[in-house]
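Take a look at the structures below.
Both complexes shown next keep subunit A, but they swap its partner, so subunit B is in the first and subunit C is in the second.
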Partner chain A sequence: MADRRRVNGPVGATIPPVFEDEDVQVQATQRTTRSRAPNGIRKMYLKTGVTPSASGSAYLEIETSGKDGVSGLKLSCTVHGPRSLPRLSPFSPHIILSTHVKFAPFATKQRRGYLRDPSERDLGTHLEAALRGAIIADRWPKSGVDIIISIIEGDQGRETSGAQGDDTWDMMNALSGCITVASAALADAGIDCVDTVAGGVAALVRGSGENDTARIVIDPIPSEHERIEAACCIAYLPARDEITNLWFKGDMPDHDMGIYSELVQQGIQASKLANRVLVESLGETVK
Partner chain B sequence: MEAPTLSFSRPLFAKLSPHPYLLRNLSPASPADSPCRSNGRAPHEARPVHIHTGSLSHAHGSALVRAGDTTVICGVRAEALPVTSIPQYRPKTVFDADNSGAGIGRGELKDYDLLVPNIELATGCAPQFLPGVPPTALAQTLSTRVYSLLHAAQIVDPADLRIWYTPPKYEDKMDADTEEDEVEDESTKPQLMAYWVLYIDLLFVSFDGNPFDAAWTVVMAALRNTKLPQARWDPDRETAVCSRAKAAPLNIRGLPLACSAAVFLEKEHAEGGEGRHWILLDPDRLEESLCKEMVTVVVDCSSGETRLRSIEKQGGTVVGRELVRGFAGVAEGRWKEVSKAMG
Partner chain C sequence: MATSAPQTALAIPGQLLGSASKYQPGPGTHIHESNLYSSLLGAVHVVQPAKAPGPVKRLTKITPAASPAELPTISVSRSGVSEKREILPEVGNTVLCRVVRIMPRQAVVAILICGDTVLDAEWQGLIRVQDVRATEKDRVKIYESFRPGDIVRAEVISLGDQASYYLSTARNELGVIMATSEAGNTMYPVSWKEYRDPETGLGEPRKVAKPY
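Up next is the complex of A and B:
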């Protein structure tokens, strides 16, 4: 049954716009290649304190690839708490994190509904794992904190053809942004952490040529590469040299562990670069 | 040695006893001073509005409105609704490419539910709005108010939302008698095959009072920014096919804008209108929580003269006929400010 607490619109199903084929072909030929260095991340803009009534908040924007129709990531994060747990909940010796990640209905190619779907819940659990390693949880027994992220715009190309299966890679980029922005918001809320955690993505990509060898790039944009073999999203604490969350997906030969460790190493590198932006932005706020 | 004085900071006073705090702020110590609200504004002073449009690439139109600490984002997205999937569809036979017969389709928007505004507050935009719960009463009320005002003010032209199909003429038809000719004529007339449905989604990033004004301003700004791709009906695929190159802006009729105020009473639990009262324009979160009576007036001055499009008043007995009339003048001033920000 339709949700009667929202305006649901027409009963019949609506179809998202379908664009003419010739346009898509033109776009496919224009598929841009990566202009950045393989070990460089895109520019980011990070600002804390966008929601004054929350305990802490932050906004992160990652620049677009310069190609028309491909959006950059835009995230807004609010932190509420620490607050006491509800009366009926069982005793907890440490702080309880609850993370919500939600795409705005206008964030992606397909319009999203208002109820969280499994992929958003999955992002939430990964985010929780990444942050749990950074927060000094024993300082707040019997309390909870809510971390809410709205993805205002996803990191996605607009054309549909040739981009099938990109969603999984988009999710990785979204998660790395979520980790960085949540870390900034936690710092803004004054919740004690061992270090600022930041997210980074590295991917094993293959060019369009037949005999192109696979190479590793950081902060990949799926629309810029013909094929992504594997990718890995890492949450990393630089001061302690610790990984709090590792999410690896893809297809890789198992005889060569070297590639795998190189991928993780590059992921850490991406995370370090994001961390530099994070620390700089927090430093500016303190001033 | 001096005894430590017991004194609290201003935010702490505001939290402990909000009503006396705001009252003391509004009653100046000397009659020479003009009253000033706890946020530093004069009673009839609204927060400046900043509007930014077209920043979202996946939506057909978008806007961001910031008034003080209230920030809303709106994305307008169009999806095609084939007439075959509309129950109780009444076909129109008249083709009006030049929008001359716009009056015919007055009921279309409402009957087929072509405008779908939804407001999401559960983004942690204020401590009382956390996700994981169904939409709050406020979110539902706001969605409904925007929905009804969109229909009542008739700002969207239904002609913009129609997708037509003109069947091709077959030249090589056999020599037919006159009766078949007439049938042929009938079938080559343009047919209405689908409608665009506008999904208008609002997301509050930060909430600090007066949500309706911000929501309505962002809806207007986003609709004015909306460009629908030119669509033609493809009978084989049974869907609307759009061209990426051509897009036309919507014809938005007029520019109604909302202006809200709250009435603050001197006595916290007063029943009647006794005691002094203040009319606080563009209330923030603290003021909204202390006021029972709210007035919202929607005016449109885009045609040169001021036209009232909607008056809403809830609770309380202070605002009467004269005050509403005076308030329309305030709303007119506010309209000029906001429309200037809209550009």
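Up next is the complex of A and C:
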């Protein structure tokens, strides 16, 4: 990191000091296992209108998995606009979305830079695709809207080493949160949408045993499972029964095609559950 | 979620409001598969159509039979949720704007107020020389119609090009409504094409808006 104008934190993972204690011993030995039902998502907290200077804003927090030292997901989203396009941009008969997703430097174990890296750009592209299907773009000609999400705290276990898991599963959880929080902020900003879009994640996980069969869970926490074989993140419009974005990654057993659609079905289920929180939260904003 | 929404005061985006055969769509709604859905978070309003004033005595012309305007209009407004909502200038709106820059063929203005709403964002407008007035268009000179700093009432005639809306002042009640002289004093209108400085007594040419 050759950025010398800012005070940079240490490069690499930072782990707060953990003192030897009986609780810690117990924690270190036992691996967390999933205590929720396979078709249940974690509790989440969503509030709109948190940033006064923005046209619309929302804050989303997903609870920790119940174990100390495992952080949840904290997202803050602001929507600026609709506002006029930059002078040199061509005429547009519809609204132009621009999405920015940024991890705070301290959000994950591996410290992030101040500039957006490719994975953050990737999240932004996925988010834009998810939202574009929900917005009625031609209500706002010649204007642009900026959707800015800061991931204040990423969803990562502290004591598991960084090399163990693939980052992608965390990114999928982050993306589903981003979609939900951006949808709330768009509704708060008063930008026309056909529906409230929400994100959901489903994963095919396998236990530690040799002869464990793979099963499908929704809203997976990577530290709770021995192995995640495949996962998909879905942005779903419940009233229209439409998927606006689908992100699929992993290795699937190729003899069983039904498991693909089953995974997508479970992802839709997860996003329906998230949408219930979204609808409830939007209902509370009206005074 | 898909209950009969008109009784509930609040709508969220995607909420079913009713059949398109029962209501007319107003602002903040959209039609999908012949049903009306809300597209905004806000309060639902149903406005009954204005009744025709009494029975018509005699038909003097042939009118189309069943006019669709008899349906009540349903709309979703942001009142009660948040006061600040951006609006865009639309074709046909009357706007107030300030002249930024004049050129031989056009005047560049900044749109400040659209209808009754003060705009947050800065939108640029353009009054071309042929849109300044309705008559004697070939003799219009921009510098005899506007000066930088004037406040102008104008009508939006087009969304324009990538940069600016196209505005027109080609009506009596459109034109300059506030102007300062070269000496820096606020002037008063004396005719449809002249403002006068109250202190120096000098007149300056403008495209003057007719006072209400």
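In the analysis below, the second predicted complex is superposed on the first by the 254 of 287 C-alpha atoms of A that agree within 3 Å, B and C clash if a C-alpha of one lies under 4 Å from a C-alpha of the other, contacts with A are read in each partner's own complex, and residues count from 1 in each chain.
By our rule, a contact is a pair of C-beta atoms (placed from the backbone, for glycine too) under 8 Å apart; a residue touches a chain by one contact, two chains touch by 3 or more.
Being a predicted model, the structure only gives us computed values, none of them experimental.
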| item | value |
| --- | --- |
| First (subunit B), second (subunit C), both or neither touched by A:146 | first |
| Which superposed partner A:76 touches (first subunit B, second subunit C, both, neither) | first |
| Touching partner for A:6 - first (subunit B), second (subunit C), both, neither | first |
| Subunit B versus subunit C as contact partner of A:176, first or second or both or neither | neither |
| First, second, both or neither for A:104, with subunit B first and subunit C second | first |
| Residue contacts with subunit A in the superposition, subunit B compared against subunit C | B |
| Partner chain(s) touched by A:89 [first = subunit B, second = subunit C, both, neither] | second |
| Subunit C residues within the subunit A interface of the complex | 1-2, 9-10, 12-16, 28, 30, 32, 37, 39-43, 78, 80-82, 84-86, 88, 120-124, 159, 161-163 |
| Residues of subunit A touching subunit C in the complex | 49, 55, 81-85, 87, 89-93, 134, 136, 139-143, 187-190, 192-196, 237-240, 279, 282-283, 285-287 |
| Touching residues (chain side subunit A, partner subunit B) in the complex | 5-20, 23, 50-54, 57, 59, 64, 69-71, 76, 78-80, 98, 100, 102, 104-109, 111, 114, 116, 146, 148, 150, 152-154, 156, 158 |
| List of subunit B residues in touch with subunit A within their complex | 56-59, 62, 69, 71, 73, 75-82, 85-87, 112-114, 116-118, 120, 123-127, 130-132, 134-135, 140, 143-144, 147, 197, 199, 201, 203, 205-208, 229, 231, 237, 239-245, 285 |
